[in-house]
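Each of the next two complexes has chain A plus one other chain: chain B in the first, chain C in the second.
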Partner chain A sequence: MTTTEQPAGPVLEIDDIHLYYGAIHALKGVSLTVNQGEIVTLIGANGAGKSSTLRAINGINRPRDGRIRFQGEDITHRSAHRIVKGGIAQSPEGRRLFPRMSVTENLEMGAFQRTDRANFAEDMERVFELFPRLKERRTQKAGTMSGGEQQMCAIGRALMARPKLLLLDEPSMGLAPIFVERIFETVVEVNKQGTPVLLVEQNALMALDVAGRGYVMETGRIALEGAASELKTNEQVRKTYLGEG
Partner chain B sequence: MSEALSRQVQRARTDKSWWVAGALIALGLAYPFIVDPLRDLPLIGDFVPGVSSMVVMMIFTTMALGLNVVVGYAGLLDLGYVAFYAAGAYVAGWLASLHFEDITFHLGSAVSGDLPGIHFNMWLVLVLAGCFTTLVGIVIGLPTLRLRGDYLAIVTLGFGEIVPQFVRNADSVGGFDLTGGTFGIAPIDSLAIGGVVFRQESNKDDLYYWAAIGLVLFTVFCCIRLRDSRLGRAWVAIREDETAAAAMGVPLMRTKTWSYAIGAFFGGVAGAFFASYRAGAFPADFFFQFSVFLLCMVILGGMGSIWGVLAGALILSYLDREGLSTIGSKIQEGGLDFDPTKYQFGIYGLIIVVMMLLRPTGLIPERRHKIELEEGVHDTPFYDVQTEGAMTDRDRSDD
Partner chain C sequence: MATATAALHRIRGSSLIDAIGLLILGLVVIWVVVKFAQDPTRFLNVTVLGARNGAIYGLVALGYTLVYGILQLINFAHGDVFALSGLVASTMIISVFGLDTTTGVLLIVIGLVGTLAVTIPLFAVVNATIERIAYKPLRNAPRLAPLITAVGVSFIVQNISLALYGVDFESVPNFIPRTDAVEIGGVGIGWNTIAVFLIVIPVLLVLTWFVRSTRQGKAMRAVAQDREASAMMGIDVNRTISVTFVIAGGLAAVAGLVYLLQFNIRYDTGFQLGLIAFTAAVLGGIGNLTGAVLGALMIGMVEAWNEGLDGTPGGDWTRSMIFGILIATLVFRPQGILGERTPEGA
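Let's look at the complex of A and B:
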């Protein structure tokens, strides 16, 4: 395993995964790739299988068929905590902060699987630089903050793991437009600093604005894929997700 | 600047709490010397517990602190803690009594060398009992801890019944008498230091009492260290939000099993200690009610709070040992024919109900639980329980 990978090489490769919840066939052969340095977005309606895809990557639900490779290694059957340790961090759907922990404690939890203490303070400082608001609120209980601040904290918490791949599940959910914009700006900023991002969104317009490439999911399948700019002009996408037609 | 100030205030508060703790420990250690004058006091004298009651109270406190690791720290409702108490007591029976009379094996024991049966040094037995129950905890925990909430409670309840039933009936396991059946195992060896065998001394209760204080202090020390450890933080994370904890890379099964195993350890040590003090392991002690009794101590004191659980355990075990009967005799002296010991579980239940109404976080609440109940902090709801496209429960103007 080398950490100095080619800039364009694939970080995450999902190859034809099938996921079942009992008898329900939730993912029917999903394949997607995230390359080094990219922001890739996965858009689609409710129940299309976006979150199921993320859960498969995270090791929370195991796909019955197919392979998931991360930095060239097969992680399909790895346990969830080892996947986090391997470098995939996430900001889960609905943020899921620890409501009775302070902001600082939440950020510390993000670094739970890290064994190096040396750069810990530095990383915390970096998160506070990205989100000055969090620094102001660092002793406040996470559950008492507004939705936007909670989302910042959730992303900050994921960054504390020093991820080699960042998964964001609906970061814009339930936020006021001004916060959505700021969150997306930060996502771009984080990506520029070198972290590839897989962004799951319902807010297709915003997501396609920041992403380089995109996948459109429909009922457990990838219906469309391509450069974000192409998807944005695609008639079907415009009709279904951008509220036109 | 205000931060430095608040830190100073906090430090002063911590210093003060250490003083209080030190004073309480000193008072606790001196108790056997002051108990007689205290008992002579007018009015309150009758309510002062004797040293032998205090020994049992300390043992129950140790168990409550152990249960608190499971229930309070990790948030796993365990209704079968009595199983660990039983396991610890029987390990003491196996390793320090005449039970296996065909074997004569002595290891650092204070009893005379020609006595049949296995006789380990009793202090070693305490440790071994803890280790054994830790194993039992892991064995029970691995299959059951995959369950959440109520389901876990039901399964632990089942194990809490299985273990006592097993010891009650294991007097002929393929013809081999493992547990002495309904009679249990007795006598179990006494604790001893050097040549001083506690049970043979005239101040036996005092000696056991000091040992029990040591046990409680050791347990409290471990609980504090655990609470502030990485493992402790992982438990809090699981208690707060299991899914989020998994997303942060907390290994759920391992972390939960640790809480179960560590809780079991203290149950086992305390069980063996109690068996030694009572000189026997009797299956009549191992009933479901006892698990609930310990749980009441934890809830009364404040789940997750070490000092709270200490207080809750001391209060309820005092009522159990002496308090209720003392109160009862006072009532009867007053001419009313009422015996509260007959209604003890009703009374504990009433105490819990009153507590839930007046002070739901317990006598001395744990910081986070207190926040939950008093400041109304709560999890953001799952997306799928919200109506589609709706905002979270927060006001738009908050953002």
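Let's look at the complex of A and C:
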């Protein structure tokens, strides 16, 4: 038991970022914050700019304007691999596994930037516990696995990084309901152990269930933000994203 | 048994094209067996030479396949870097170490190791510099741009060789005797052939170990498969690409030396040998390291059989045959011998 509270300050602060793909203005001034210990969800229609936001945080695409701060440090112009070394891990949209590497090798790649190899085997075991299917398939080439199996592997790979901030881009994509539930349980579990999570989801209802706060994106902007419970009861959100109308 | 069933399966499930391809392959195999039966000694002697040349081509082919694997770029300049490294090696051997036919074994070894100690780092740096200056700025440009640039760099390197060494062939004295080191039933293996394998085999083993087992090697494989995902794993993509060019340059330097031990070399040697090596890489499955060596050995042997056995079209046709093999590969097995067809077409 610690006597001092864990600092609840911001882990990630995005301040008014603009991102372009050639002439396409994909992010038009996005600002959002993830605090220590939080699960924050980012929802919105297709093409709203959710993945682009995660890619900007990860340093894959560079915003033209605005600031991104991680643990108080400006990472806006940092190269992707240094951002990852700093403790941000992502399970990207479309899984992006290394297709000609085995499941085990993919998980190993997740821990590439870690300098502590000590708990490596333990972490791998934890991922296998989470997704027993992966253990069965550990020697299979990732590219030959089913979509759902690949999704599990992608999430496991991100967990192998022991991140200080976990970015998940549609982790329930293509999974059977039982696995969707398991993924969301995992997210909550990982978060309980102290990792803040920024969760992009199509499955808005479930995302708002596990998240503390949420942001709703529309065509490159944050249209709404607030406590998850409020967003869930918000008329507009219910209409657009929760399939009620 | 299991492989036979698998083969049968493949034949049954294959299309007409595959059937034609298998037929041609079958005819070639029959021809080879017949040739062997006619005169086993001669056939094996010729084959040994083919394997030796193939091993040299393999070193060059690896440079193409490594770079292609990571950048999907045919680095046309690679053959010319190889040729320049061979020319520099000739200077080292003649002017610096002064190796000739009277030199003792110890001094020969020192001379060869000393030459490599200079040319490997030198051409590793040269190759990485080429990447940094000519290809890196075009990383996100359409594929044609770096390809054309590679052709340009090829001419530049060739002209540097021409400026430094002129149009004459360079060669070194036969300080490694060409006489047979071993002879079994009329099949001889020369000292110079053994020297090639003594250099090439350890290099291949180290390369395989490096790519399979080291952190940097794993990073190379990852970047080759998905550059963006690699960055998301914390891999320094630029550095990894540089390392790949460093390794390819080092391999070119080794190839330059072993080539020089067998043949003459001049400024444009890299163009022809580069085409052969590139064909070998495609034949084996571009991007696949084992495939590049396998393809190179096959081409080396085809070349040797064509030039050393009776009843073949003969040396004038060697290049046509090699490109015939390339075309046949592209028609019948586009992914090459060991290449994989992956879902994302990589």
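Convention: the second predicted complex is superposed on the first by the 238 of 245 C-alpha atoms of A that agree within 3 Å, B and C clash if a C-alpha of one lies under 4 Å from a C-alpha of the other, contacts with A are read in each partner's own complex, and residues count from 1 in each chain.
Keep this in mind: a contact is a pair of C-beta atoms (placed from the backbone, for glycine too) under 8 Å apart; a residue touches a chain by one contact, two chains touch by 3 or more.
A quick note: this is a predicted structure, and the numbers were derived from the prediction, not measured.
On the shared subunit chain A, the superposed partners chain B and chain C overlap sterically.
Of the two partners chain B and chain C, more residues of chain A are touched by B.
Touch criterion met: A:Glu170 reaches chain B, while chain C stays clear of it. In the superposed model, A:Ile178 makes contact with chain B only, not with chain C.
Once the two complexes are laid over each other on the shared chain, residue contacts for A:Glu93 go to chain B alone; chain C is not touched. In the superposition on chain A, contact is made by A:His81 with both chain B and chain C.
Looking at the shared chain after the overlay, A:Pro63 reaches neither chain B nor chain C. Of the two partner chains, chain B is the only one touched by A:Asn46; chain C is not. Counting contacts by the rule stated earlier, residues 58, 60, 79-81, 84-85, 90, 92, 96-101, 105, 108-110, 112-113, 143, 157, 161 of chain A appear in both its interface with chain B and its interface with chain C.
Those residues of chain A lying in contact with chain B across their complex are 46, 58, 60, 79-81, 83-85, 90, 92-101, 105, 108-110, 112-113, 141, 143-144, 146-148, 150, 157, 161, 170, 173-176, 178-179.
Interface of chain A with chain C (complex): residues 58-60, 79-81, 84-85, 89-90, 92, 96-101, 105, 108-110, 112-113, 143, 157, 161. If you check the complex, the residues on chain B that touch chain A are 230, 233-234, 236-237, 240-241, 243-252, 368-369, 371-372, 375, 377-383, 386, 388, 390-392, 394, 396, 398-399.
The part of chain C that touches chain A in the complex is made up of residues 215, 218-219, 221-222, 225-226, 228-237, 340, 342-344, 346.
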